[in-house]
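Pasting the structures in now, so scroll down.
Shared between the two complexes below is subunit A, which has subunit B as its partner in the first and subunit C in the second.
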Partner chain A sequence: MSGMILKLGAKLQSAVCDTQIMVLTAPKTELDLRCGGVPMYVAGEDSVEGDANESLMTETLTGKRYVDADESMEFLCTKGGAGGLSLGDLPLEIKQPKALPSSD
Partner chain B sequence: MSWIKTFAAQYASGLLNDESPDCKNFLSKLNLDHPALSWRRCGAMSQTGLADGQALMSPAPLSACADGAFAAFQYLASHSVAEKSLPVHSIRGSILLGERAQYTGWTRAGDVTLGSACRLLECADGYLAINLPRDEDWPLAQAWLEHELSGWDEVAELIRNKNSEKLIGRARELGLAVSTAEPLFNTGSLPVLDSLEESLRHEKKTAPLVIDLSVLWAGPLAASLLQHAGARVIKVESEQRLDGAREGNKEFYEMLNQGKETLLLDLKSKSGITALSKLIQQADIVIESSRPRALKQLGIDADQCVANNPEMVWLSITAYGRQEPNANWIGFGDDVGVAAGLSTMLQELTGETIFCGDAIADPLTGVHAALYAYHQHLSGNGGVLDVAMHAVVRHCIESAVVGESEYAAWSAIANADAEDLYALREVYAGVEEAGAQTEKILNEFNLS
Partner chain C sequence: MNTGLILQMAADGFSDRVIVSIDDREMTFGQLQERAHNAAGWLLEKGYQRVAYLDTVSEAFPVMIFAAGIAGIPFVPLNYRLAKEELDALLARVENAVLISSESYTSPLNVPDGMTTISADEFMSFPAGNAEFPDVSPDAIAVELFTSGTTGTPKAALLRHENLMSYILTAVEYASAGENDANIITVPPYHIAGISAVLSSSYACRRMIQLPDFTPESWLDLARKNNISNAFLVPTMLSRIIDYLNEKKIDPELPALKSLAYGGGKMPLATIQSAMQIFPEVLFTNAYGLTETSSTITLLGPDEHRQAAESDDPQVQKRLTSVGVPLPTIELQIRSESGEGLPAGEVGGVYVRGDQVAGEYRGKGQLLDAEGWFETKDMGYLDEGGYLFLGGRLDDVIVRGGENISPGEIERVMQRHDAVTDVAVVAIESEEWGETVAAVVVAEADESLTTELQELVKANLRSSRVPEKVMYKTELPYNETGKLLRRVLRQELSDAIASGTL
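Up next, the complex of A and B:
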């Protein structure tokens, strides 16, 4: 499995669409994070090439958080795009919003 | 100095853009206080300053602007025959500024806000206001600073040598409420009101139906003031996310939301979103305080709603306006006040690094927004009202120049004042649990 260790606050770019995400939490192990089925890359570094997997072009929405099933990792979508996020072939899901603050 | 005594009335007349004798007469009878006195008597003065220092004057006539905006609202309300739930003439706009902290008992803490979620911290090229009121904000702040955080000391340490521009850019991408103390000027201006003389002559007799989707303070306050003036207000909340203010001070929440009906919808379901769309189409005034993309992601578009119902007023309250890129920037009352320049002004006048009032942009925006929405409703022409909290505070700051000599004079006036603080608004109706009227409203508006 190809993959990389994701640093807190790192910005990742999709190779197949406009999607950009930021790492909010991630386990300190190599992760095969993909968008549209193609591995994502650290923004500003060499891009990755690959053909999108049509069944994984499920779109990302700006401002939404994405998590894996046990919420061991969390990403914030800072720019939406056509590709869906997945860990290997397992799609990540939108995290449900938490309560608003009680005061500001 | 004589102009300043009537400043609040002048501010009202400027907002209304109305030179009619009727309007002038109405405003002159209100006898609004000097800006220094209203700042003290509304409680905001005791909410400004160092914890162990003196209570401080505002660097702009903010309380008088609140008095003026509310006076303008009262003038419009005096033309409506809708039954008022509260004698609108018994309220002053400035009391709205001090209200929350009077309920919570919070006290001033200098560079920490009264609610304690926001701090002024030094970075390499100035000060930042960093507001982390949501539990979710701490994980975001860790991503922002690319470092695990155990508390504020670490935040202070990590930003000390960093440049504000990059910090602000990343914070905005993450949706964190971070602003610089150097004022921004790019949030556009407030709506300019056309004189309403014509439309007031063809008075709208019926009370408007207000659908209030907003949360926290500014939006619910605007709805509350419209409710005082006779509007029927339905507060709509999502089952997934209630108004967070419900978890805050109970009495303050009740005062702000009393008399509103409450509707709870499942906005994750198609039927819930359809019900919301149908309800919105029947509204005279919609109030919301989300970023434009939030409702768009639900398939609800403000411009489209107004196009479908040209008399509908869509009041959009944001931190920095609906234009790109500002539309995506998060802001709350305290950090937006800083972004408008209030803390920089206070620093120049007093030498202290402090916040001005309690989430000051919130109540200032609430009272201005109520005026704009009501005015637009009475004019008979709908539209999307883009009211940015930042633009409201800038408008108040730019309404008068307060130099060192005025600041000293105003401080002396306030310090010599021994009158009681203004009375708080009356609580006249209870607040029911979220969704108490859901069934009734679904049936009445044919939403299911």
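Up next, the complex of A and C:
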């Protein structure tokens, strides 16, 4: 499996749409993180090319947090786009916010 | 990860939404984004190392915070209420800075040679330049805030982008505010709550209505005109609003108000109880935090306020005087003087750990211990449910015959008496004990009340906690951001004792 080790706070860019995400938590192992079925790349580094898988163009939403099934990784979508996020072929899901009362 | 991300996300999503309004001026996220970038470009081109601000809150305030963040240099707001000598001393410490201020503030001061001064309007009107914006590192310093210096020379607390962002990403949900929501901002720009208000309002995409000069009348007037939904107040402000409403025998008439948060100082029990009666539909939140922890670290939420007010269980009722439980990303411990962790119910020093905890001052290095814990220098204890009860600053501890007594536990007991509006417990000198306990009470002066209060403390705590002297006043001295000025009370008590009137 191809992939990369993600640093906390790293910004990743989609190869097929506007989507940008930021790493909030991630295991220290190589991750095959994709958007629209195509591997994502670290913003500012060499871009990746590939054809989007139409069935994975399920869109991302700015401000939502995306996690895998056991929440071992969490990403903040800093810019929404047309592609959906997945780890290999497994789609990531939106994490439901834990509402804290507004304090300022 | 830096504060520029907050602005980028807000402007991407809600470019046309108004983020800030003051008097009849307003600014959208799109305008804020443009002005902050233009100003950041100017800062980079000129090579300034800091952005200092000396003025009341204005719509330029968020522009400065974000421009400094985008340029990767610290923002340094200064307390415009300080005396000339104090400000001169602070200005001399803010090196390689551009100072944003106005003639009325700068003319009496010794502005250091080489410090450029420009107006807030100029700072907001730079044209777009050709600057390349740096990729600001998460560990770059975002804000330098001078502590209030009540116990010595002010220290410059350093907050890094990662500290502030950790707090925002934990406490605030992106775009959680509705189109018509509005937050009324009364905290000054030199206070951590003023900084966090800008960051959290921006991330929530909630409009800010700025009020530079708080009075109960101006607050109510502005709040009504703007249909405000959210507000943060220091306890003194809330108490003045309640007194004003009671005095005028009027209703608040704030139908849109959903949420009222308070913090920054000790909230008298009587004040929060009346507030909950006057605003029965409003959700109350108590927030406790320090400059060094990037603002809020514990919260007592609306449900807990309601439960405390409705419950018959004394333990649950008492929680109305707590500051709640830590944020999910904050660890909290109570430690003894020798550094051991203490069980529930025992008073000790409050220690916290988490990504938002900076615990760092310029020139003094990192103050976190090897495991990342920060000593808040606040005293307190946790109850069985993990609720934190504060008991004053470490410096305020009364050492009576070798026994450490925290003022908070005594104040909480005295507050339960119906006649007591507010109370502060401080040390006075004692020949017998070195120090002993005295109380300053806001209530009708009364011989029998003194005895009742002493009996109340004796019955609930220990005889060593009983105030030997009780002085009555019409109000307690708080500073403008809600901090109780205990040293003033200590002085008044010792003067009264020396002159034989107490």
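As a working rule, the second predicted complex is superposed on the first by the 102 of 104 C-alpha atoms of A that agree within 3 Å, B and C clash if a C-alpha of one lies under 4 Å from a C-alpha of the other, contacts with A are read in each partner's own complex, and residues count from 1 in each chain.
FYI, a residue touches a chain if its C-beta (ideal position, glycine included) is under 8 Å from a C-beta of that chain, and two chains touch if they have at least 3 such contacts.
It should be emphasised that the depicted structure is a prediction, and the values quoted were computed from it without experimental measurement.
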item: First (subunit B), second (subunit C), both or neither touched by A:25; value: first
item: Subunit B versus subunit C as contact partner of A:7, first or second or both or neither; value: first
item: Subunit C versus subunit B, contacts on subunit A by residue; value: B
item: First, second, both or neither for A:101, with subunit B first and subunit C second; value: both
item: Touched partner set for A:63, first subunit B, second subunit C, both or neither; value: both
item: First (subunit B), second (subunit C), both or neither touched by A:44; value: second
item: Touching partner for A:78 - first (subunit B), second (subunit C), both, neither; value: both
item: Overlapping contact positions on subunit A, where the subunit C interface meets the subunit B interface; value: 9, 22, 24, 62-63, 76, 78, 97-104
item: Subunit A residues within the subunit B interface of the complex; value: 7-10, 22-25, 61-63, 74, 76, 78, 96-104
item: Footprint of subunit C on subunit A - complex, ascending; value: 9, 22, 24, 44, 62-64, 76, 78-79, 97-104
item: Interfacial residue positions of subunit B with respect to subunit A in the complex; value: 100, 104, 115, 117-118, 131, 133-136, 139-140, 142-148, 170, 173-175, 177, 215-217, 240-249, 291, 293-294, 297, 328, 332-334, 359, 362
item: Complex contact set, residues of subunit C against subunit A; value: 1, 5, 8-9, 12-13, 135, 138, 162, 169-176, 193, 196-197, 200-201, 204, 230, 232, 259, 261, 263, 283, 285, 287, 295-296, 299, 301-302, 327-328
